[in-house]
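What follows are several structures.
Presented sequentially are two complexes of chain A, the first with chain B as partner and the second with chain C.
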Partner chain A sequence: MDLRLLDRHGLSGTAIVAMRVLAALRILAPIILFLLLWQSLGSFHLVDTAFLPTPVLIGRALGDLLTGHEIRDNISVTLVRAFTGLGLAIVTGAWLGVGMARSPVFRSYVSPLVGATYSLPKTALVPLLILWFGIGNTMAIVAVYLSALLPVVVHTYHGVMATPPVLVWSAEALGTSRRKLLWQIFLPHALPDIFTGIRIALGFAFVVALSAEMIASTAGIGRLIFLYGENGSYDYMFAAVVSVVLVAFIADRALLGVGTWCLRWHASAVDVEQ
Partner chain B sequence: MSIVAETGAAPLTRWAASNLRSIASIIVILGAWELAARLKFAPALFLPAMTTVIATLADLIRDGSLPLDLAVSLYRAFAGLALAMLIGVGLGIAMARSRWLRWLFDPLIALGFPSPKIAFIPIFILWFGIDSTSKILLVAFACVFQMVIATYHAASSVNRIVIWSALSLGSSRGRLMMRVILPACFPRIFAALRVAVPVALITTFTCEMVAGGGGMGATLMYAQRFFESPTVYAYIVAMLTVGLLLDSAILVLKEHFPAWRDEGSS
Partner chain C sequence: MTTKIRICGISKTYLSDNGEVPALSLTNLDVNEGEFVSIVGPSGCGKSTLLYIVGGFIAAEGEVLVDGKSIAGPGIDRGVVFQEYALFPWLTVRRNILYGLENREYSPQQREQIADRLIGVIGLKGFEHRYPRELSGGMKQRVALARTLACDPAVLLLDEPFGALDAQTREVMQDELLRIWLETRKTVLMVTHDVNEAVYLSNRICVISARPGRIVEEFTVAVDRSIGREQVMLSEAFNKVRNEVWLSVRRQAIAAETQHGFAPA
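Let's turn to the complex of A and B:
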């Protein structure tokens, strides 16, 4: 906001760049401060570095891991599981949500199922899925799918239900077919809600994929973290956790970016400038 | 229900019809489950009959093992939740009141909020052992971000005129906090609590599944390892019921305490 105002007042390019850097520093400074504090805990021997490796040690381990194959291979396994499950959940979830909103009959059949399973802690299904599918990709993807499905269904449903009837009537009066009504009225109107649902589902997807790997798996970053813990190489364990935190953060921000870009025409995009 | 009381017969039949469908859908699914198991579509190891599962569930409740596990798990979940609420509400209000704290914690919370907290299990086990302590603290860690963010947004959007009025009428800082700011935050905190309860349950169960140490999750994993499928199903049914009951309990609380209701869109 401020930057754009400055731009309009004809400030030079370097000044704007300098302000951007300052703004970034302002955000990063607390994190740097936090890391320094953490480092000093280990450096001054206030805490045993075996239990809390210093950021320098973790950074070294992370660098080591990133140059090797271990993290890359395992993270890609986890990401493939999380995103396959999430993708399937988005497609079927949006379809179910629209169906529930458009057809009262369908809704009355499906809603008790959604209501009953919504509050089930989804990781509880992992032992059951191990029984059915064995340990591996299928089990993890199904677990992720089931946990990511409901947020998408519920948010799509609410988004479609909230479509102003005036819009529908106008479109119908202008001769829009039912199929076109779905693509041109209902889905665009529900899009902000669908993105909210997907964002929640993304969080679930990561949690469930990691949990499934920690409970029983032969590959994946969740398994890797545990392996390092069991071997007592704690700096590597912390490095792997850091990489998970970073990947989750980037995925969340990327989704937010895609959402903002897709919704740049929407009324909410005018006010939200953060 | 109120719909029925208000108007005549036509809505009544419609209400009954729509609920008939809902009841029918549950009966059909449970029936299909029972039938598939009885007709041996799947081995009993994968799909025990519904009646078997219910009998097992009754046995587990009667011999006291399930209630005991449930008590252990709920203790962990609620201890963690309480801790998260104390820290989250405190920090949220502090951040809303102080620019420095906001500057300090904002990036850390932005980084921590989307991270899958479950990945921290091994770290918490390393620090706090495999008993309840590590699980309670991980639950607190998983829920605290939600609480901080909700409280912070609520506390920073308290109407300034209300604060000024209270101050000009001579309220002390403590009274201002207890009588003005906290009550104004209640609806958002409560909404965050409704999100945090399932998170606390999931985190507790998952911790127990991964690290053992008793509780619902540990017994569930144990049963799975020994292929005691009816017990696995019974525990999942129990977890589902607990989740449902807790969520409806929160909704009932919301009905009974209008001050906790969010006036705007929920």
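Let's turn to the complex of A and C:
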């Protein structure tokens, strides 16, 4: 944001590039420092690298993994599970949230259920889901779906409920029918909150997909990490974790980009970018 | 003169944690076609409530008739402008103005023409594609006014329309409203706490008592408004009515304060 202000105050192109590089360094410096410390633990034999492989060893393993198809295949399995569950959760969660906000009767039935199950770690249900759906995609997708559903429901509900009466009244006085109010007023108003809910749900989706795979699965990056750990190949295990972190980070940034574009009208549009 | 709005025995009670709070009590008011009527009174006297009832946004005891017909809810015959602008933040200036037109039987060209004309009237050419958050308070209120005028309602309901603006912008906006009213002669019902504003703009002023609100006094303003703001506001006729209304509102405000001592709202 401050960079954009500088831009407006007429700084030269090279000065802006220099500022950008400095800003990037400020973010990267702590990470580099952390990696150097970590590396020195192994290099100076303070910790056995069999238990805590150094960043260099992990990097080598990561290079090895990326050239093969093992990690690609397993990550795509996990991604399909995470995004299918998340997608289903967004669609049904938004409607449940809208229903709760718009119908007091519906709310009186659903709201106690949401309250009671909100703090339940959904991974605790995985043994039960295995019993119902067996080991495989369905089980993992249902687990992701259940964990991603509630953040979307709750945020949609709050976004719709917070719609100022004057917006609804203005629309009504301009001839908007009650049916159209939902699409033209309530949902657009709730959109920033729905995006917040989706962002939280995205985080949950990755965590639960990986956990479900670690508990019981024949494929997926969670299982791969678990297998490497079981076999004591900690450098490969860490490399797989790093690849998950990268994928999750890219997914979150992509979502943020879409959100910022869709919400460019919203007051938080600038803050969200950071 | 024909009666445009007839307010018959309106009462409104709100439910709160401390029981029932009477907001309005048996209010009667007739507004003639083409008349500009202001409602002034101490804050919390239920004057906005009365406007929301006429708008059809909240239900109340009693009856509101527009053109002799009882209202059943909000309608496009009554355009409304709120103090907090109430623009749709996800729509650009232009789309906000077009919003009400899209519910009506205009051709796309007609819609665009109306929008073009109104953007010109409110002086926001070049800002058509901005979002409301990028506008100042005065600009937002201009857009809100244009959005309401686009649908050409017979009645304008104004809820402290300039209350959130600074003193200079407020005067500019009052003059614009006056100009639009003189041109279109719409029936206007405005709620305000600004006595000068009420006297400057209205044909008639109703003073509402402290809660439960009730119309206690009425003043007719016979001022020639074609002579310009300075001449109007410095004229004896203006200041005589202004002082009378001010004293009346002051009496109600003092009554409200002593009342608040016993029952804070």
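In this text, the second predicted complex is superposed on the first by the 264 of 274 C-alpha atoms of A that agree within 3 Å, B and C clash if a C-alpha of one lies under 4 Å from a C-alpha of the other, contacts with A are read in each partner's own complex, and residues count from 1 in each chain.
Just so it is clear, contacts are C-beta pairs under 8 Å (C-beta built on N, C-alpha and C of every residue); 3 or more make two chains touch, one makes a residue touch a chain.
Predicted model, so just to flag it, every value in this text is computed and none were measured.
After superposition on chain A, the partners chain B and chain C are seen to fit next to each other with no clash. Look at A:Thr117: by the touch rule set out above, it reaches chain B but stays clear of chain C.
The superposition of the two structures on chain A yields an angle of 90 degrees at the Cα centre of chain A, opening toward chain B and chain C, reported in steps of 10. Once chain A of one complex is fitted onto chain A of the other, the partner contacts of A:Thr176 are limited to chain C, with no touch recorded for chain B. Within the superposed three-chain model, A:Pro188 lies in touch with chain C and out of touch with chain B [touch as defined at top].
Within the superposed three-chain model, A:Ile75 lies out of touch with both chain B and chain C [touch as defined at top]. Judged by the touch definition given at the top, the superposed model places A:Arg264 against chain C, while chain B stays out of reach.
Counting the residues of chain A touched by each of chain B and chain C gives the higher count for B. No C-alpha atom of chain B lies closer than 5 Å to one of chain C in the superposed arrangement. Within chain A, not a single residue is touched by chain B in the first complex and by chain C in the second.
On the side of chain A, the complex with chain B involves touching residues 26-31, 33-34, 51-52, 104-105, 108-113, 116-128, 130-132, 203, 206-207, 210-211, 214-215, 221-222, 225-226, 228-229, 234, 237-238, 241, 244-245, 248-249, 251-252. The touching residues of chain B, counted against chain A in their complex, run 18-19, 21-26, 29, 45-46, 103-108, 111-112, 114-123, 125-127, 198, 201-202, 205-206, 209-210, 217, 220-221, 223-224, 227, 229, 232-233, 235-236, 239-240, 243-244, 246-247. The part of chain C that touches chain A in the complex is made up of residues 52, 55-57, 73-76, 78-80, 82, 84, 86, 88-92, 99-100, 103-104, 131-133, 147-148, 151, 153.
Every residue of chain A that touches chain C in the complex is listed here, in rising order: 164-167, 169-176, 185, 188-189, 191, 264-267.
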